[in-house]
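Here it is, the structure, as C-alpha cells.
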Amino acid sequence: MKFTMAHTNINVLDLDRSLAFYKAALGLDVVRRVFELLDAEVTVRPLVKDGALVKAGDIIAEIAGPSRSILTGERTALNLLQHMSGVATRTMEAVQAVSGTDTKIVDTRKTMPGLRVLDKHAVRCGGGSNHRFNLSDGVLIKDNHISASGGIAEAVARARDGCPHTLKIEIEAETPAQVSEALAAGADIIMLDNMQLAEMKDAVGFINGRALTEASGNMGERDLKAVAETGVDYISIGALTHSVKALDISLKFS
Amino acid sequence: MKFTMAHTNINVLDLDRSLAFYKAALGLDVVRRVFELLDAEVTVRPLVKDGALVKAGDIIAEIAGPSRSILTGERTALNLLQHMSGVATRTMEAVQAVSGTDTKIVDTRKTMPGLRVLDKHAVRCGGGSNHRFNLSDGVLIKDNHISASGGIAEAVARARDGCPHTLKIEIEAETPAQVSEALAAGADIIMLDNMQLAEMKDAVGFINGRALTEASGNMGERDLKAVAETGVDYISIGALTHSVKALDISLKFS
Amino acid sequence: MKFTMAHTNINVLDLDRSLAFYKAALGLDVVRRVFELLDAEVTVRPLVKDGALVKAGDIIAEIAGPSRSILTGERTALNLLQHMSGVATRTMEAVQAVSGTDTKIVDTRKTMPGLRVLDKHAVRCGGGSNHRFNLSDGVLIKDNHISASGGIAEAVARARDGCPHTLKIEIEAETPAQVSEALAAGADIIMLDNMQLAEMKDAVGFINGRALTEASGNMGERDLKAVAETGVDYISIGALTHSVKALDISLKFS
Amino acid sequence: MKFTMAHTNINVLDLDRSLAFYKAALGLDVVRRVFELLDAEVTVRPLVKDGALVKAGDIIAEIAGPSRSILTGERTALNLLQHMSGVATRTMEAVQAVSGTDTKIVDTRKTMPGLRVLDKHAVRCGGGSNHRFNLSDGVLIKDNHISASGGIAEAVARARDGCPHTLKIEIEAETPAQVSEALAAGADIIMLDNMQLAEMKDAVGFINGRALTEASGNMGERDLKAVAETGVDYISIGALTHSVKALDISLKFS
Amino acid sequence: MKFTMAHTNINVLDLDRSLAFYKAALGLDVVRRVFELLDAEVTVRPLVKDGALVKAGDIIAEIAGPSRSILTGERTALNLLQHMSGVATRTMEAVQAVSGTDTKIVDTRKTMPGLRVLDKHAVRCGGGSNHRFNLSDGVLIKDNHISASGGIAEAVARARDGCPHTLKIEIEAETPAQVSEALAAGADIIMLDNMQLAEMKDAVGFINGRALTEASGNMGERDLKAVAETGVDYISIGALTHSVKALDISLKFS
Amino acid sequence: MKFTMAHTNINVLDLDRSLAFYKAALGLDVVRRVFELLDAEVTVRPLVKDGALVKAGDIIAEIAGPSRSILTGERTALNLLQHMSGVATRTMEAVQAVSGTDTKIVDTRKTMPGLRVLDKHAVRCGGGSNHRFNLSDGVLIKDNHISASGGIAEAVARARDGCPHTLKIEIEAETPAQVSEALAAGADIIMLDNMQLAEMKDAVGFINGRALTEASGNMGERDLKAVAETGVDYISIGALTHSVKALDISLKFS
C-alpha cells in the first residue's frame, strides 16, 4: 500500500503567520528510522530535501509497505516531523529577521527532553547555528555559578582548572560592571543578558573584539533586527525550541 | 545551598495572552525525580500543588543541596517543568472557553515523542481529560484504516475480531453519509472530523445519543465555544500538546 | 548443517490426553527470531502454519546453518515453542468444549511474566480470543477495587473520571445483588465470578443483554459446556496460560 | 490499606492431587521486589518461609501500603508466586517419590524463558538440586553435538580444548555401546537417555562409579521410584519447570 | 574513502621487548563491529587472521566508507584492537617461556571491567587457555571463602550442596598442610598459591595426579620456565590481562 | 563479616619501579558503588583519600557486610581499583618528571573502552589534566581529517561552520610548514606531533604565544623533562591510560 505525506491546511496557519512558505521537509531521515524500527519492508521516499521550503499542498514523501506497519508508525513519525519542521520554520523566521547583519542566530539547551539532537538539527536546517549541546562542550558561567563560586574570578579559575583546555569560557553579564569584570577574568565569550538596546550597544563597543558577544534573555519576544544592529556576534533564542508551533502535516492513503 | 524556582517575566508573556494567572505549578514531582537521579542529597520542596494557579513572581519551589548537582540538573528540570506548565495553561484556556457546556476537552496522541505520560498528566492538571494513550487502549478507525480495510464495515469487523472486548470502537466520519454508516456499523464513538458548525450540529442531532460524539480537526484554531454548543460530548485538540508555549520559569540562587 | 524439529513421543502424551492431534506449530516466528538474534546465517523454514494441527512424528520446521549457532539457540527456541504450543493446545480443548454455543473462550492476565504477548498470541492460535493485555486497555473493577474505593458506585465514578472514554468498564459480581448493583452503575461488562450454574443462568437472564457477561473463577477446573449453556458471552480461563503442559518437540540433526 | 495473600480453593486442587499440603510460600522475596519497583511505600511481611508447606486457607503474607500501588502490582506478583509455588510443589512430589534412595532430583534448562533463575530457585525450595544454568557452566555433549562433531571422541576433544578446566564433561548415551564409548572418552558424567529400566540398571553396574550417572528422557512421565532403584545418581526432569500447575493464591483486602 | 591500519613504530617498542614479531592482528571482528554500529556503509577487510604474527609496518586491514564515519569510529576501534593485541602478545611471550613442558598458561578473572569476553578471546589467540569466565562456571575456594565458611571441609560441603554437579571444585592452598587437607576434602583442582619453587615441586609430587594442579600468585613477575618445571598442570597469570602494554597501531588515509 | 583492602607485595613491584610510594587509594567511590549495586548492607569505609600516596602494607579501606556479597563483588571492585591506581601512579611519574617547568601533563582518548570517565578521573588524581572527553568537546584536526577535507584551510572552515562557537580548534602539525599553516588558519591550539626536540623548540619559539602548544606522539617513551623544556604548554600521553601496570591490591578477611 502507498501513502503520501503532505503539508496541509495552509490557510489555517496563514491566519497567524505572515509567511508564504515553510520549512516543512525537515526530519525525513527520522521518519525513515521510525518505520525501519517497526518493519523493514516499509520504504520512505522523500520528495524534498531536509531544510527545503514547502508550501501548502506540497507532497513531501511517499511511504510504501504493509499498511498495518505504516498505520502503526504514522503518529510517531508525524509527531517528530511536525515538531522538527516547526523548529526549522521558527528558526528561519529569526534568521530572516537579522538578514543584512553579521549576527548569527543560535539555539540554547532549552530543548524538548530526549529530543535535543533532533531539535538542534532542525535549527541548523532552518539556517541557525548550534550553541553547546551539553554541559561538557562549553563552559558557560551564569549568575548562579558566580554566586555558588563566590565571584567571577573564582568561577573562572575553577573552570580553567577542571575543564579540558579545548573549551572556551563564556561568562554571563547583566551590567557594564560585570562586562568589564568578565573581560578582565579572561572570558572568551561574554553573554549580554537581558540588556536594553543602548546598554548592549555600549557593551559591544567596550569589548571591541576582545571577546565574542552573545545577546540573550527572552530573545523570542524581542525585535531581533534591532538587537543584531548593536553589533553582537550571536543571538541565542530559547523559544526556537521550547515554544514551537508544529507544522500541519498529514499522511494520506493514495 | 538553596535555590528557588519562580515564574518570571510576566509582563513579557502578558503581551500576547489575556490571562492574569497561569498553570505553572505543574510537574513538581518530575522536577524532584530529575534531582533524585542526579544526587540523593538534593531536596525539592514544592510551595504550590500540581495544577495550582500561579502569577508572575510566585515562588513555586525551594531546592536545597550541593550546588554542583543543582546546577547540573537545572536545565533538564526546567525544560520539563516549563513545557508541562505550558501544556496545562493551554488546556486551562480551552476548558475555560467551553465552560457552561457539557463538552469535555480531551487531548490526542500528538504529544512530544518520549513525553506522552507527562504531556497527558499536564492536560489533566489543566482540567482536561485524556483520550487513549496508545494504539492498544482504544480502537480509532480513521480514513486511512477504512481505505486500507476496504470499507467501514470491514474495518469494524476486523477490529471486533482482533481486539479485546473491553475496548470501545471509534470511527472517524467527515460527512453525514459516513456518520450514518458508522452508526450502522455499531460504532461506540463517532469522531466528527473537520466539519463546519452546522454540519456538526446536524450530526449530533441525528446520532441522538446512540453513540458518543467527538469533534476533531485543527480544533486548536477553532472557536471552541461554538463547537461545544453543537452538543458534541468531546473536543479533541492536538495543539494542547504539539504547539505549546513554554511557561517562563527560572531557578535563582537565594 | 541441517536440523528438523518434530513433535515426538506422542504415545507418552496420549496417556493423559484424549486428543489425536495437537496444536504444535505455534510460535515458528518466535523460533526464527531466536536464531536471527544469534546468527544471521541460520535459516528457519516452517513446514506448517501457525495454529495448524500436528500429530506425533510430524516435522514442523527445518533449520539450517552453522551447527554451533543452532545448538546454542536450540533450548531457548524449543522452550518458547513447546510452551506456546501447550497454550494453543489447551485453548483448543476449551474452544472445542463449548462448540455449538455462542460463548467465546478468552484468556486473562495470568500469563508467564515476560511472555504475555506470546501467551496471548498462542491463545488466538488455539481459537480463543484475548481479554485485555494490561491495566490500561480495559477497566476491570474487582472486589479489592470496590473495597478500596468504598463501593461500586464510587469505583465506577473514579474509573470514568480517570480513564480514556475509549475504554469499557467491567465489574466483578459474586451475587445477584452485586449483579444488579453493577448494572445500575452502568457497567458495560459484568463478570460473574465463582457462581454456581443455576445462579449464573439467572444472572444472564436478569441482565438480558443490557451488558456483556463473562464467567470467571477457576474455569480451568469447570465443565465448560455447562457454563456456556448458561448463555454467558465469554468464559475467561487463567489456566490457559498459567497451568500449561508443554508440547514435546525435539530438534534432530538430519 | 492492608491485604493478605492466601492459598485458596484447596478442594478444587484436591480433585486431582493426592497431597494434603503444598509448597506455597515460595517466592516471597520476588513478591517484595515487584512492589518495591512500583512504590517504596508498600511493605510485604511474609508469614511463612520460602519452601514451607502450606495448606488451603493459610495466609502466607501481609501487604500494606497505598491500595493503588498494591492493585497495580497484584497480578505480576501473583503470576510469579503461583508459578514458582507450582514448580516447588511439583519438585517436592518428585523428591518424595524417590525418598529412601540416594538419587537426587535435578532440573534442566527447560525453564520459562526469562525466569530461569526463579525456576531454579523454586526447584531448590522444593528439595531438588540444580543442573547447569546455561551453556557455560557445564559441558553436555548430546546426540546433535556428536553428529555435528563427527563422533564422541572428537566432541570430547573439542570440549576439552575450548572450555575452562573447571568444568566437568557430561555425555549423553542411549545404548550400552555408547555408554562404553563415553566412559572410554573420559566422561565425568554419563546421561542415560530414554533407557528401559533393565538397560539402565545394567549401565549403572557397568559404569560402577567410574563416572556419575544421570537418568533422563521424559522423566516427568516415568515411575521415579523404579528409576531411582536402578542406582542412578541423578534424575533430571524437564517437566519440573516446563509443565507446571500454578498454585491457587489470592490477594484479599482485609 | 579508504584507510589502512598498520602496526607502526616498531623501533620504539623494540627498546623494551626482545621480540621480533607481535600478535597484532587480534580483534579484527571487533573492529568490524565498531564500524557496523556506526554506519552500515563502512567495510573492513582484514589482511591477516586473528592471532597471526605481525611485524612493524605490516598492514593488517583496509577500511573503506564515508570518511566521517571512519574517523568517528577510529579511536574506539583502535583502543580495542591495541589492547587486545597487547594481551595476545603478552600471552604469547608466556606460552613461549614454558615451551617444551606440558604446562598450560591460563588467564584469570583480573580482566578489564566490561571487556572480559574480549580479553579472554585475546588470551586464546595468544596461545593460552581460559580459566573460568565468572563465578558460575567453576568453584574456586580461596582463603577468604575458607575463613568465611569456617574451614576447608565446610567450604567444600557448601559448594557441593549449592552448585550444579557439572562443576569441578578448586581449592587454594598455600602450605603443604593445606594441600593435604584440600586433597582429603575431595578437591578436583588444587591451586598452589604463592609457593617457592621447591615447595611447589614437593606439592606436585605429593598430589601425584589425584587432582589437577595450578600455580598462582604474581606469576607475571616469576620465572615461568622454572615454575613449569615443577610439573604443575596450569600457571594462571593475572598480568596477562591487567597489566598490558597496548600494541602501537595506526589508521592512515591512503 | 569484615575485610580489609591492602596494597601488598611491594617488594615485587620494587624490582622494576624506582618509586617508594604509589598512588593506590584511587577509586574508592567506585569500589563502594560496586558493592552498593550488589547488596545495600555492605559498607565501605575508606581509610585514605582519593589520590593519596600509599606504600606497601597500607590498609586503604575496610569493608563490612554479608560475606557472600563481599566475595561476589571482590573481583570487580579490585579490577577497577587496581587499574585506576595504576593509571594514577603512571600519571604521577609523568608529572614528577616535568616538575620545575610550566608544562602540564594531559591524557588522550586512548582509554579502556567503557572506562573513559574512570580513567580520566584517575589521571586527575595522579596530578594530570584532562584533554577532551569525546569528539564533541573539542575540535582536533588531524592528518586524516586534513586529507579527508582537502587541506588545513578547508578542514578549519568546516569545523567552524559545524561546531558550537564554544569550542577551540586544535590542529596537528608535523613540520614547520604545517605549524605555520595552522597558525594562519586560526588554530587555537597547535599539536606538535612526533617532532624532534630541536624542531619542537623552534616551533614553540615561532608560535610565540599566538596559540597554545601540545607535544604528542609516543610521549610514553620519551624523555618528558627534555620535551617540557622546549616550552610546550601541554604534553599528551596515551600510555597513561592504554599501557598501565595494575597496582597490586588484595582483599583480606580480618
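Order as written gives the chain letters A, B, C, D, E and F; numbering starts at 1 within each chain.
To be clear about the criterion, contacts are C-beta pairs under 8 Å (C-beta built on N, C-alpha and C of every residue); 3 or more make two chains touch, one makes a residue touch a chain.
Keep in mind it's a predicted model, so treat the numbers as computed, not measured.
Undergrad: Hey, what chains does chain B share as contacts with chain E?
TA: In this structure, no chain contacts chain E and also chain B.
Undergrad: Is the contact between chain B and chain C built from the same residue numbers on each copy (over half shared) or from different ones (under half shared)?
TA: same
Undergrad: Using Cα averages as centroids, what's the distance between chain C and chain E in whole Å?
TA: So the centre of chain C lies 50 Å away from the centre of chain E.
Undergrad: At what distance in angstrom does the C-alpha mean of chain F lie from that of chain A?
TA: Roughly 35 Å, centre to centre.
Undergrad: Could you grab the centroid distance between chain C and chain F? Build each centroid from C-alpha atoms only and quote it in angstrom.
TA: The mean C-alpha positions of chain C and chain F differ by 58 Å.
Undergrad: Connecting every touching chain pair, does the picture come out as line, ring, star, complete or other?
TA: Graph shape, chains as nodes and touching pairs as edges: a ring.
Undergrad: Starting at chain E, then chain F, how do the chains run round the ring?
TA: E, F, A, B, C, D
Undergrad: Which residues of chain B touch chain A in the complex?
TA: It comes out as residues 1, 3, 9, 12, 15, 67-68, 71-72, 74-76, 78-80, 82-83, 86, 109-115, 135, 143-145, 147-148, 218, 221, 238-239, 242-246, 248, 251-253.
Undergrad: Using the touch rule from the top, collect the residues of chain A that touch chain F in their complex.
TA: Touch residues, chain A against chain F: 106, 129-134, 136-140, 163-168, 170, 189, 212, 233-234.
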